[in-house]
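Please find the structures below.
Below, subunit A partners subunit B and then partners subunit C, in two separate complexes.
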Partner chain A sequence: MKPAPFTYVAARTVDEAVRLLADNDDAKVLAGGQSLLPLLNLRMARCEALVDIGRIAVLTDVKVTGDVLCLGALVRHTRLEHDPDIRSAHALLAHVVGHIGHRAIRNHGTIGGSIAHADPSAELPATLLALRGSVIAVSTSGRREIHADDLFVNHFQTSLADNELLTLVQIPLARPTQSWGFYEYAPRSGDFAQAGAIVTIDRSEAAPQVAVTWFATGATPTRVVLDELSAVANQVSAGASGADPAVRKTLTDAYDRSGSDSGKQMLAVTVATRAFQRAAQSNPAVTSRTGGLN
Partner chain B sequence: MTLAAKVPPTDPLPWVGRHIPRREDTRLLRGEGTFLADLVEPGDGHVAFARSPIAHGRIRRVDVTAAAKMPGVTAVFTANDFGTIGRIGALTTPGEAFSDAYQFSMTDDSLEYLASDVAQYVGQPIALVVAASRALAEDAAEMIDVDIDPLPVDDHDQPKTAEMSFELGDPPTNPDALTTVDLELYMARHSAVPIETRGVRVVATDSHIRLTTSTQIPHFVKRAIVAATELEEDELHVDVADVGGGFGTKANVYPEEVLLAVVCARLRSPVVWIEDRTEHFLSAAQGRDQRQRVQLTVDADGFIRSLQIDLSIDLGAGSLWTAGILANSCIHLLGPYRLPHVKVHGYTHLSHRTPSAQYRGAGRPEACFALERALDAAACKLGMDRYEIRRKNLYLSSEFPVVLGIPYRDGVPISFDGGDWQQCLDDAVAMLPPASSDDRATEHEVIGWGTSCLLEATGRGPYESARIWVQRDGRVQLMTGGASAGQGHETTFTQVVADSLGVDPSQVDVHRATTDGLREGVGTFGSRTAVLAGNATHEVAGELRRRLHRAIDAPHDAELHITTDGVTFDGLTHRWDDILDTHGDEAFDVTQLFSPTTVTWTMGAHAVLVAVDPGTGATRVLDYAVAHEGGCDINPGIVLGQLYGGVVQGLGGALLEQNRFDEQLQPTAINFADYLLPTAQDAPNIVVRSHHIPTANPLGVRGVGESGTIGVYAAVASAIDDALGRLVDRPSESGVFVTSTPMNAEYLRHLIANANEPAT
Partner chain C sequence: METTINVQVRVNGAARTAAVPARTSLADLLRDHLALTGTHVGCEQGVCGSCTVFVNGVSTRSCLFLAAQADGTEVVTVEGLTPVEGLSAVQQAMSDDHALQCGFCTPGFVVTITEMAASGRLIAMDEHAIREELGGNLCRCTGYQGLVAAALHVRDELRGELS
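So, the complex of A and B:
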């Protein structure tokens, strides 16, 4: 269980990192290493060159620009969990991170690494998609923004080019009209999820919307917008149980539209139902205004 | 020369029976243990294997040209380099009395230690590289070009390797008036997964080869290597370092052990191989994988009238323990219950999966699962309480000894002794009764309760060895053939020596097993070491004491005071130098074998409380209780440790663990992301009540190594039935009934989905 030989290079700046990526046909980026290093050791992944971006300080920056939270690619899971500024920008991030691996993994793992790795069972790619975020990709030929909708292509595959470095993760700030619910099932604490769902409810009068984002159910996280708000909200009548046939019907239909693995349907509907209940219950003040809930 | 005696120690005898802290823990918990990988020295040749990439294939050609030219490579070996490839033969073959009684037959399923012509499983060694580091060895092993033509991996018509059957009593004459349940059960393949993987280091001197291996059975390893190679008996020494868990997977002899011995003998320089976790999942012996058809007939009151079982075991590409696994499975179907009629037929067969060994319980958990599942099914059909049906079928204390007209594996007629088995079950249920409320469940969960009873044959012979000797500094040295894989032998055997010789424990050193330190030995497996090595230790210590009496001319019943200064009697101390000079050191170096008359029987009852989430299929184990009828506990703390660990290991097999294979029999759970072990977070609160019922051996001990594990699968299945039964109107008709392991979330979702479908 030793990696195949590779060249290790530690980049000091983003420019240097992207130049190294441009110069090496078969390079991989090392961020927190929590997925890549085991894969290299198992020889399930190989590369000619390993470009370590861990010393590029600028990639640990966290700031709010307008109504967008900007997280450097190297922001570690533990910081997402505990940084009060990040929590107030969007509490969902801290919540989902609690479900990632174990403490030692969260101390090393990074948001950029997780998103670029695009494990279909990972929480952060699904969160980016659910919250309508985007990433910034930099290469020697420039910089582009990739919306989450266009980022996740397949299992462990993104639309990032081989010579592009993911530098920044952008997530719109939480809005008062928005509530969310998260639920995942993993066989043991810290395991990869076998199914997970994030439900977002936006009760803004201009653009009300209910959406469910599933992960660990298919090749990529998938987001499905449910039917218009009042109809769905009506289904989540006071304390609607997971067994409520109408809720299950709506979510089953949505799951079918997501094109995910049919064998997971029962589990996927369960996690979505529970995420749904949490989302519906997490913002009662706003919920009451919709008129759909007693 | 004599000296005035010192003040005697304040701690009186006996030491046996006390929960003293484990002597080895200071070393182990500080990271000061010496495991196999700690022995590696600069200059060692590191070995990596080229292993079969497919489950069955004809090896056309193995080209090592490129590998041999890789940097740092010392040597590359294939089957061609060894001439005729030897085979590792069976480690257990039953005697005539057993074979006759059970119509037992067995074929030779010994394994080549290096695949020469046909590879039989994914991971079988085909070639090996010796290089300056493990990384370089792996790089080179990758360059070995193995041209291999796939052969069929079909599971049908795989050859039987052993078969046995027996029938006791007469079938009921009024079957129409009785109730019969008929089940098909499967216990999935899973394995031991010790925290320390396997590993072998071999060094050569002018006169001999010394092989250190992470094993439970160094003496078997030596005998097998001598049998399979040209190495001579006197040329090879085998020993062990600290061993980080075995659980049966290391009570085996492996191709890697044989190969490293041969390679070291060729190169005359040290070689080392430390198994990595992927190799472990591919090639370390696995267990279980048993199918059963069970028919249990009971009368209207729930009394068992007949039990009929057919079972088959997939041993994978082979097993050195075929007879043991099959015999354990069949004989333990007798269970702790009165069976007026029992008819059992079982066989083992090969497949192109990983080979098997005797994983903790080795047939006993499977037998317990069959019997207990059938009792639950019968109780359900009769509308009877699950506790009640067990209680009324258990043997009563007035019936002991229960002599059955059939021998155990050792050929001696089976005779159950015990205290009060009904009390044992009552205790388990009293410690953990069925839940009176759902307080412990979350909003999504339902609670379930289950129970099981077990009976385990422990302490099987033929023998174990012990050697005791006194050093010039007065320290007492002990070595037994029962190699330790972490069971705390240094502590328990010290307690036995302290009592049987009459010394303070601080004066005793316990050595690891070596084949040169102790010529004969069997090893640690099958809940045997406390019974066999424990009694062997008791006997050599007693013999040493008798020799000391004679040496100082003390009456045989005189109380001696033995310290590092010497032996004090009647106010005078005989110093060790004087004693040893007068009589010779060898006079106080005693080796003996302890051979038991037959096995001892350990009964236990388990109870468990689970919470099941029907939406996800997830099971949480909330509480666990074990009531246990052991013998004398040499160290009650160590017995508790065995039971706690056994329960948690059983929970792994019951709920999470499975060595899975795809259609081409490629293993698909070869790392800890796919092979799920229970973690500390998955371990419930476990309460234990031990009854001490001495049995017929000098120390009065019964084995305990497997009791914790054996009952878990059945108890958890019962509890899951109970939980899922709450979701449906008529559980007895809904088909909510666990028939296989692991009872993971996927399996439970399948059960729930079927139960919710309208009956057709």
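So, the complex of A and C:
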């Protein structure tokens, strides 16, 4: 199918883009187009005006400021997958994008677009939540920072206002006391996940913590801190097994309390136990690189 | 009211222009306005891969890319990957290994496998990795055996050149 008609403007600057969004309350932002264009083609979404931000070069910048990785909204999934600087800032990003669609999709899809689109089965919104990241939103009224906890409101809905442009994604750098594990179930590689989990373990003495972030299990990704496991975080080691009934019970109770789809409980707990196993087996303080197993 | 876009794009090395409605995809620009019908339109959702072309050197779903976005870019289609005489190495391997029947998915596979080879990724791939990488192109006729064989064939040729 073909989209319904729309007007189109290629914005050359962020200022121009937000002015266009302010002028037309039925305008949508076009970044990589890999989520928006299918919806327009199927006429599941419509808009009167398309504001193309794809030529705003500053939105492709990547830099580390202090202990935060700052990714411009237009950074493509392929770059997250292959850029060695991004991988050394946080290896989880390179790992999750390999699960997004296929090569041609990843060549054009963007981190800003994926997060703003807020598909409940998407990996990048869950990654932002798991890693305690935030985004910068710009409009004609100014600029604000939105933490991941306050960003995902409902399926395909964020707290971004219609006239706000997501310009930057901020992710704290990986620390040596932290490890992560990722697992998703999709019927075929590249399909949307039916359930996924990211487990993070922080073995620091000051703030030990084990947390699980589920995605594709509810209207938004959901993060739960596992208090019982956090108390023994620095003892979670390669010997810890996801098959340990205590771990499974902790994850099951956490899932039941999280308000997620109860029909997916068994699948969700299974992906979480596998993610936990991978996080437990990775101890960056011992090994020379961060991250879970591939 | 719809915008008309004046697109200037280099396609297969030649400067081309067209004035098209804003909602025109690159696929439709190539097929309907530039008479390059080698690129096919299957699902218009990005899943089937039959529309895959190169834009500025990277594989692209031309059904998920507006003609307007292609303004000022370099596009290479299956027509541009075909030598004046004979077939490219990828095309020859596909022909030799029975990797096509109806031909609908074929141009998309040619682009995908050409990129795998040219990027340096194919030479290091085992069959499992090749099958995963080809998962973005769907074929309803062949059952994929010949397509995988063709990609392995191209990989082995690349390896052979080095030894």
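By definition in this document, the second predicted complex is superposed on the first by the 267 of 294 C-alpha atoms of A that agree within 3 Å, B and C clash if a C-alpha of one lies under 4 Å from a C-alpha of the other, contacts with A are read in each partner's own complex, and residues count from 1 in each chain.
Everything that follows uses one rule, which is that a contact is a pair of C-beta atoms (placed from the backbone, for glycine too) under 8 Å apart; a residue touches a chain by one contact, two chains touch by 3 or more.
From a predicted model like this one, the values you see are computed outputs, not experimental measurements.
By the touch criterion stated above, A:103 is placed in contact with subunit C alone, subunit B being left untouched.
Between subunit B and subunit C, it is C that contacts the larger number of residues in subunit A.
With both structures placed on the common chain, the touch criterion links A:42 to subunit B and to subunit C. Of the two partner chains placed by the overlay, neither subunit B nor subunit C lies in contact with A:11.
Residue contacts after overlaying the shared chain place A:194 against subunit B, while subunit C stays out of touching range.
By the document's definition of touching, of the two partners only subunit B reaches A:185; subunit C does not. In the superposed model, A:270 makes contact with subunit B only, not with subunit C.
By the document's definition of touching, neither partner reaches A:148: not subunit B, not subunit C. In the superposed pair of complexes, A:216 makes contact with neither subunit B nor subunit C. For the contact definition in use here, the residues of subunit A common to its subunit B contact set and its subunit C contact set are 1-5, 42, 188-190. Taken in their complex, subunit A has these residues touching subunit C: 1-10, 30, 33-34, 37-38, 40-42, 50, 52, 54, 78, 101-105, 107-108, 188-190.
Residues 1-3, 5, 21-23, 25, 28, 44-46, 49, 52, 58-61, 63-66, 68-69, 71, 112, 115, 132-133, 135-136 of subunit C are the ones touching subunit A in the complex. Of all residues in subunit B, only 134-135, 138-139, 142, 276-278, 444, 615-618, 656, 671, 673, 676, 678-679, 681-682, 744-745, 749, 752-753 touch subunit A in the complex they form.
On subunit A, the positions that touch subunit B within their shared complex are 1-5, 42-43, 185, 187-192, 194, 242, 266-267, 270-271, 273-274.
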